[in-house]
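What follows is a set of structures to go through.
The two complexes that follow have chain A in common; it is paired with chain B in the first and with chain C in the second.
The block that comes next holds the complex of A and B.
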């Protein structure tokens, strides 16, 4: 019974977050109306810090005059941008060596068109008439944040929200996906000029096999005045690479379906190493611990000395334990009593927050039977 | 104020856990049509390259004619490093072995390992502590 309630609550939570995301997108695209009634939208717009994986919250840069809207506005497949008309056909994309090898390297299925890979490597650029990865990368980033958040929530159900977001950022942020694109997938960026391409007699199509974007320039060479270099389409290198990975994943969803994209994310993104225990930085851990125990209706923490050596020497060691009633929550060591006490409180907090169930099932798995997610830091 | 701040992190690749991607992405084979040092390389290109390249679809094999130069195998890896082997005067079998060596290489520079085990994970067993045994059994100075 209780699990059913939790399951319902979980579903509601997911739906709520999706709704709020849609809301956010509407708000950012129109950027005029701001509903005061809805508490979620007001809180998210007030927030200043944004993680790079929260790509879907970025405003869509293309103007409304650029967008072709179908008569039936519910036909989502028929929306088109007027400025991007040309498409590299699949037959031509199959002739580009770097596209063929990338297709093989990622072990993509035969349904996955080579032209989609070309599109995924084309970022929005000024004066570019070929289809680009803008919408694909937006969708891919939503897909990635869904699967990664789901994985982290069910494997670490007690993580505080800031750490959960930071862990998500560590897995699918711009810098992480930049590493995936460059050092795992082997995607190269197109750095050569048209003249160099002409002189090296490179076929015209070969440039489509490389990542193309307007580079966001921070610094210019000495003696050169920076004058309007950055365009509205300019991207940082890491963002451009990350967007290509997001777009590739969106392509898997489009060609092979949800299950294949989930497997791909599991193989290439979730398999990467992150260390959540080193992400915490506690201010006043003793206070936090006593508040936490109060909300859990446990006895307040008491620090007791367990073992010590060399108290009067220049290198003493103290081992202290943190007790709530008869239960020992954690242990800490330090070269002073204060240091040991702080370490001990931190260890107790980490032992609580880093709890991980065995064989956690994800909500998108078959046979998912409810999930206990912690209520969060109610004392904030 | 009491609170929890976060320390940013970037995930690290563990190639082979989940998916394995061959680190080698491109191999350039250069040869000369006239020189005697390219004899083995020419035989390799005409008889064996097709089969090997079809076994490794994830690697881009580029064959270049460089008249007047010794034949060279040049491999590019995902980590931006390149490895080159000059195969002058070598026969076809040696060329094939050198090519396989480049394909199977991780692209990292060769270095002497400082420890027998290199791992990202902390020890499963933990570190032995003298403070957690019975005080009666402790070593007394």
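The block that comes next holds the complex of A and C.
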């Protein structure tokens, strides 16, 4: 797969005209900024599909002394965290203004306890004795990951697996969920010190209405010496926010059941627009297209000029079509013949990979009747 | 050139000559030579070699899919039966024949997600008296050693082997000496049989059927192995 999805040779496309140069620069620069800012959509940075807390450095296992394990290891109901014993009662959680607003803003049902929201906003911290969201976010993440995968597989059955993983990451990766938590759910983090809280006469309970976590500091300002203050529980800001979203979704599953959590994911996560077509980068689109047609037992592609204007001017436009036998696969335009040809092949490949069935039903839907099963990427 | 003659070669189409009545014209076509044994630089390998895995020729026939098919037929009166072509796809790995045949990668990906979700659902839906439980659902066991072990490649491979699903499996396991060995079963490759079977059932019959299949058929065996392995780990740990 890695051989198939590679860089679009933007530089080589450009011929003489200034206009085309600007056009290409816009395309490539937008792709670059996207990959820099948003780690969710790159093909290079994310090689394996793992969530941040599942990496090798922080293995979560029962060997940690924190977990009480019953005699029969399969009695999962009897497992118990030792350190987190305290719980904010629901009656007190109902008095916290930010929890009440969050509950109302997310349109949660009356079954959903306010105390669960408090728990969802509490990340594991050193010396914290209140129940936290660690395991809830694990459950929320598998729930999210399943629903997003089945959505992508039903709607884009031919996506190559690396693009599928990137699209999943773009929907439910740490940075996307950080955006959901901060800008859509309006979750705030608890940044004030105890002294500031005392001086502003803030009731003690109000801190539970905010996201609390041990911040993982990577860089410090110049002139400040960094002591190793990172704890095993330290989280990056994006991860902490994302975990709160995952935990809230797990809470919906616990209180209202699978159907409600599915609807919530559909409303808040799957409704977000991601541009899958920009995740493709083809190095040699023409070659790839002829290989693809060969494996599909179709005639090899022929590029034909459809129309052109201003061949001898400084801003010519060529429109070419890609044909396999009598069928036109795609159309491409450009200010040189070569550019138009490359665009045309890219369009044909994208039309194939981004095929989407009409009214695709998901496997977890009522009245589901079979999925379009892709045969996989043929290499040669 | 000598190396070329030493190995057994097969010549498929040679110079084809055509004679016409009025004038003699010879059309020569290119010779294609397939190399069977040693790799010879520049020679094309015989496709028959590539389409054979552990002595079994690839193809959609009853003989190839009999193990998977009879296994599904024996469960719940054949409720989970699948199309023959889908069954063949389930037992074909990406590594086989350079990925030119329909393979199970995406089914395995979907199946893996389903297995992980159902393992978590199974863990939190157990009876509990924990004070930290939310609406009688205790999340505390998630991420524990036993919970994580349920969906490991090792146990999914064990499941596929014990049910005989891996008897005919089209894949190419490259051992260092370039040979194939029927006893070498890398878990990363063989676990895709189980996960893609789950994925295929979900793709054909829906999530409810897949969930039932996992709970009643897969977990029945896998949870027992988890228990066995967990005990072993403890014994090893106590010796340290």
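As a working rule, the second predicted complex is superposed on the first by the 318 of 380 C-alpha atoms of A that agree within 3 Å, B and C clash if a C-alpha of one lies under 4 Å from a C-alpha of the other, contacts with A are read in each partner's own complex, and residues count from 1 in each chain.
Criterion: a residue touches a chain if its C-beta (ideal position, glycine included) is under 8 Å from a C-beta of that chain, and two chains touch if they have at least 3 such contacts.
What you are looking at is a predicted structure, and each value in this text was computed from that prediction instead of being measured.
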Superposition on chain A - do chain B and chain C clash or fit: fit
Which of chain B and chain C A:139 touches, first, second, both or neither: second
Chain B versus chain C as contact partner of A:251, first or second or both or neither: second
Touched partner set for A:75, first chain B, second chain C, both or neither: second
First (chain B), second (chain C), both or neither touched by A:173: first
Chain B versus chain C as contact partner of A:268, first or second or both or neither: first
First (chain B), second (chain C), both or neither touched by A:368: second
Per-pair minimum CA distance [chain C against chain B, superposed on A] in Å: 15
Footprint overlap on chain A, comparing chain B with chain C: 377, 380
Residues of chain A touching chain B in the complex: 97-98, 100-101, 104-107, 160, 162-163, 165-167, 169-171, 173, 175-176, 179-180, 182-186, 266-275, 278-284, 287-288, 291, 306-307, 309, 317, 319, 333, 377, 380
Of all residues in chain C, those that touch chain A in their complex: 86, 89, 94, 98-100, 102-107, 109-110, 113-114, 116-117, 120, 122-124, 126-135, 137-148, 200, 202-204, 206-208, 210, 223, 226-227, 230, 237
Residue ranges of chain B touching chain A (in the complex, touch as defined): 1-15, 17-19, 21-22, 25-26, 57-60, 62, 78-79, 120, 131-132, 135
Residue ranges of chain A touching chain C (in the complex, touch as defined): 60-63, 67, 69, 72-81, 84-85, 87, 111, 113, 116, 119, 131, 134-136, 138-139, 142-143, 145-146, 149-150, 153, 161, 164, 250-251, 254-255, 295, 362-365, 368, 370-371, 373-380
